[in-house]
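Next come two complexes, and both contain chain A; in the first it sits with chain B, in the second with chain C.
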Partner chain A sequence: MTDAALPLQSEADQRAIAAIRRKNAVWRRILRDPPAAIAALFLIVIVGSALLAPWIAPFDPYASNMRLRLCPIGGARCPDFLLGADNQGRDMLSRILFGLRATLGIGIAAVLVGGGLGALIGLCAAYFKRLDQPLMRLVDVLLSFPSILFGLAIAAVMGTGLFSLVVALSIASIPSIARIARGAAQSIMQQEYMEAGRAVGLGDGALIWRYLALNCWPTILIYMTLQLGQAILLGAALSFLGLGAQPPTAELGSMAADGRKFLSIAPQVSTLPCAAIFLVVLAFNVLGDALRDALDPKLRQ
Partner chain B sequence: MISLPVLLGVLLIGFLLLQVVPTDPATVVAGPTATKAEVDAIRNDLGLNQPLWVQFGRYLGRVFQLDLGRSMISNRAVVDEIALTLWPTVELMLACLIWAVPLGITLGTLAARRRGTLIDRAIMALSVMGVSVPVFWVGLLLIQYVGGAGLLPFQGRNGPIWTLDGLLSIILPAVTLGAVFVGPVARMTRTSLLETLGADYVRTARAKGASDWRVTVRHALRNAMIPVVTLVGLQIGFLLGGSIVTETMFAWPGVGRMAVGAITSSDFPLAQGAILILAVGFMAINLAVDVLYAYLDPRIARG
Partner chain C sequence: MSTEPLLSVTGLTKHFPVKRGIVFQSAVGTVRAVDGLTFDVAPGETLALVGESGCGKSTTGRLVLRLIEATQGTIRFAGRDVRTLSRGALRDLRRDMQIIFQDPYASLNPRLTVGETLAEPLKLHGIATGEALRRRIDELLGEVGLSAWHALRYPHEFSGGQRQRIGIARALASQPKLIVCDEPVSALDVSIQAQVINLLQDLKAKLGLSYIFIAHDLAVVRHISDRVAVMYLGKIVELAPKRSLFARPRHPYTQALLSAVPVPDPTAQRARIRLAGDVPSPLNPPKGCRFHTRCAHAQDRCRQEEPLLRPLQDGDGAKGQVVACHFAESIVPPALVPENDPPYARRLAALRKLSAVA
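Moving on to the complex of A and B:
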């Protein structure tokens, strides 16, 4: 994973090694796997349009026009609404773009916060050997607990809303990232430069940050991406139950719940948000599987 | 043994939930005409002036005597409410496992036997789709196309599972819940079977001249079941999440729907009880999985 432990090499050796590395770079291996490449491309488009939603959305996602209520896709009443209108006569396409923005934002915020905490726990567990056992037992406890119950408990204690949703999803992403960070950091702990760093008198903080964190972050970041699909799915489920984002917020889970009363007359109102969630999570999972295969040397052969 | 700290944590959450109740229990007990002195006296009697950790100790005592308080909405004992909803939830989970696990194992076996072929790829693609689909979408589609067409009931539980009405009404919820469960089981069976198919004892069985399917089913599959059982156990939490959504969608009178209802209507004692029973149930299932594990793998039982 790192170059540090390699003995001295000639320049030709180094060039050859660099060429092999380039050929086997994670992203190249991903591109050779068509489903993963499609998933990656799809996610770039989706994340891009979610980021640009305020500029590319054709209409205001909250502007309602009761005359266009439940207008079907391609209906004569609403020629400008490409994906029809919802039960308040709001443009579905704009709401989905903003909904993606909210749903992805919630997932990313949760994975960054929870993953950051998890990474800190994992690095500390690997660095301070005495903390290893207690910290990892704590992580086991968190891991064994169904994450939807965090959602229920936190919504019950802190009230329903976006903030409690992000807190619940963050806690749910701590344990798996902590395990990954610990594993990655443990292999770096064995490197000679760790000892060298200690010998020149670097403090614990500097060693953890400069040597452990900066060497582990690519692995941690990739596993955070894997976690994102699950966080989005769970967040959408909690919002669907009315425990997360609240109407009229354009969020895919709560939009799906909102639209189910009109399932027989205007199926697009709940089907489109559901399909959007499915495609995004599917893309994250396909990409995640490919990344895992690319990173796991056992599976590579 | 990790269950004990989890249990304490859950009990702490339950206790905290009762602390955020906006009404002061002493004022409620004293009634509207009570003077301040009377309210204070009652507060003292109820132990509400004690430090929080003493109150937590008393709460633990009450929980172990199955006294979880009263619902703020129906005013019935929380334990009674839970007793009513527990069986429907168990029924739903069993109805889901009974078709999803065998199907998952069959698909996983098929994929492993036909490794690398189109069948394998199709099954694995289905399995990834299964873990990516929101449970509520499966439910919505079934309600729209099967329930909406009047083929099967999709509102509530029309009786116990052994009656015809009950059986019919559980089909759609059980299919919804199981749909997201087949994928992980199939995938785990495939991975685990591929490992055991390469084992020495499988080669021995082949050398003896056992038929292909006999080797797969009798020799490899039984050993491959150990990780699958673990997975099913681990995924019970996942199933629990799915069942909460499924129950809410199909108006199934189970614990999950009760928990969601209690939280959205701020019925704190009921929410506390529901979360507590969901967590305890989850731990009980994990214990059962450990026991089953020892049964499947005698090496574990002998320690």
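Moving on to the complex of A and C:
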């Protein structure tokens, strides 16, 4: 019994291990990947400015001034409006900041609710083998509906508005996350420690939470990040179609819809919100990919 | 057995259905993994289950703990009928009956610290909380030769032998009466094996445990067990006290198994019984005696009539040696490696010396 009497690692070893751990910390691995680092920094700036919109926005996004209507970027009529004015003479920069706030909020709420439900469904399907077929076939049914159609149906039932938009987007993000969670959980179910947990006498709740969920969350988190881009895009699309945010609410999708009539005379009114959506979705996708690489232990050097 | 057995198993059977189809599944056959086992374990006794891969040893261990539901048979543990226990009663059973797994790398939840893993049974069965919980964890770690500060570490920070001791500590946490050891050392280095085996023996002596020891290393079995049950294709073919089994194995399969023990001495001359062919599929086991397809002594009766487990009609039978062979009395046991064979004796002596030191 010699190895037990010795300390597990000497102090020097422990320092070396700590150094390796620091070097391999998830955020460091993300920063080593330039596109991911740019995406992460961009998202920090975007999310920060969306959160701080009421304080950093230079003007009231709802105060209209018809004399400044469709003022172009850098136009002599509106020297204070950095990104010009929209068709109601409102400051584009302020509206985009508030629009980001609404769009990101909708996307994040939808992915948290839908992703949470989806993860729960996936874990339960993997854990309770009897529920597997019924639950996953239900998920298949959800998956077979185009998301836009879902949005239309829910708007028809619940009326248009931000709440029904979040509901529609949540339901739309359930199926893919449920499938990913089930796949991850099924591989954990094969592990001997699941059996060990049962042998200890743990109940289903403890096994699902402390054994399954705790071991699957990296996979689920990565997928939720990727799904966030999808949810934002879909939310903006539904708002563009007039099913989500209603005017005058500043929301990127509905702003893009409002501005499309003036595309030839004042392109900034429609293209700037579109560009904002594009960049945010792109950043989330790049970050999601990088997270997947960073959290996958097989890809660590 | 003069005392009431701690565990008694009668006619234990597990058939796994083999399914085909994706949505509409239909059973196309059954794997007879365990087919009518009867044995018992006395308090403080170590019963070894030996046999080659796929003979149903591990399944038996899991059936006894009800980690897998049996198809048929009864399992009585300390006066309780294990197979009919309710959920709550089953949890209480898990307090008294524990398991140590084969693979120390797969049997610990990688996301829980060692302390959290050990706290689970203690909290669940209401054994300790708060400060007492911490003290009990320290005590358990000490009992298996680890230090208190190991509680804050994660399983991946330990070596295989250390992890297996964590697994043992987890099994000990609820102070069980019976521990099923499912090949607890076969994934470990030989040097670590001896430590773990001797730890198990010390704990048995100290805490009055009973073991069901599933193994295929016969030297280990010879060292640790009191009685040995030899399994072949889901059935017990021979069950005997350790000494009589190793001295005079009576079932042809046991004889073959014992003659396959490697002797680390190139000059040793010994009778090696070679079995031809593979183990038949448990999907479709042979009629009559299941071993007749590979048995050198097989006769017509073996192909027709299934031999039941019966006491031997001679001196060994009186000592509790039972065997499932029609011709056990007439088959002459081959000359096996005697216990005083030098290399074998050296290894056995080393094990005994280590256990004396520890």
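Simple rule for what comes next: the second predicted complex is superposed on the first by the 254 of 301 C-alpha atoms of A that agree within 3 Å, B and C clash if a C-alpha of one lies under 4 Å from a C-alpha of the other, contacts with A are read in each partner's own complex, and residues count from 1 in each chain.
Here is the rule we go by: contacts are C-beta pairs under 8 Å (C-beta built on N, C-alpha and C of every residue); 3 or more make two chains touch, one makes a residue touch a chain.
The model shown is predicted, which means the values in this text are computed figures rather than measured ones.
Colleague: Which of the two partners, first being chain B and second being chain C, lies in contact with A:75: first, second, both, or neither?
Modeller: neither
Colleague: Would you sort A:197 into first (chain B), second (chain C), both or neither based on which partner it touches?
Modeller: A:197: touches chain C, not chain B.
Colleague: Based on the superposed arrangement, let me know which partner A:210 touches: chain B (first), chain C (second), both, or neither?
Modeller: After superposing on A, A:210 lies in contact with chain C but is clear of chain B.
Colleague: Determine, under the contact definition given at the top, whether A:256 touches first (chain B), second (chain C), both, or neither.
Modeller: So A:256 only meets chain B here.
Colleague: Report for A:116: first if it touches chain B alone, second if chain C alone, otherwise both or neither.
Modeller: neither
Colleague: Would you sort A:105 into first (chain B), second (chain C), both or neither based on which partner it touches?
Modeller: In the superposition, A:105 contacts neither chain B nor chain C.
Colleague: State whether chain B or chain C is in contact with more residues of chain A in the superposed arrangement.
Modeller: If we count touched residues of chain A for both partners, the winner is B.
Colleague: For A:237 in the superposed arrangement: first (chain B), second (chain C), both or neither?
Modeller: A:237: touches chain B, not chain C.
Colleague: Within their complex, state which residues of chain B touch chain A.
Modeller: Spelled out, the residues of chain B in touch with chain A are 2-3, 5-6, 9-10, 13, 16-17, 20, 128-129, 131-137, 140-141, 143-144, 148, 236-238, 240-241, 244-245, 248-249, 259-260, 262-264, 268, 271-272, 274-275, 278-279, 282, 286.
Colleague: Okay, in this complex, where on chain A does chain B touch?
Modeller: Per the stated touch rule, the residues are 137, 140-141, 144-149, 152-153, 155-157, 160, 229, 233-234, 236-237, 240-243, 253, 256-257, 260, 263-264, 267, 270-271, 274-275, 277-278, 281-282, 284-286, 289.
Colleague: Chain C touches which residues of chain A in the complex?
Modeller: 1, 3-5, 7-8, 133, 191-193, 195-203, 206, 210-211, 214-215
Colleague: Please give the residue numbers of chain C that touch chain A in the complex, ascending.
Modeller: 23, 62, 65, 67, 90-91, 94-95, 98-99, 101-103, 106-112, 120-121, 124-125, 145-147, 150, 153, 157-159, 161-162, 165, 167, 170, 174, 195, 199, 358
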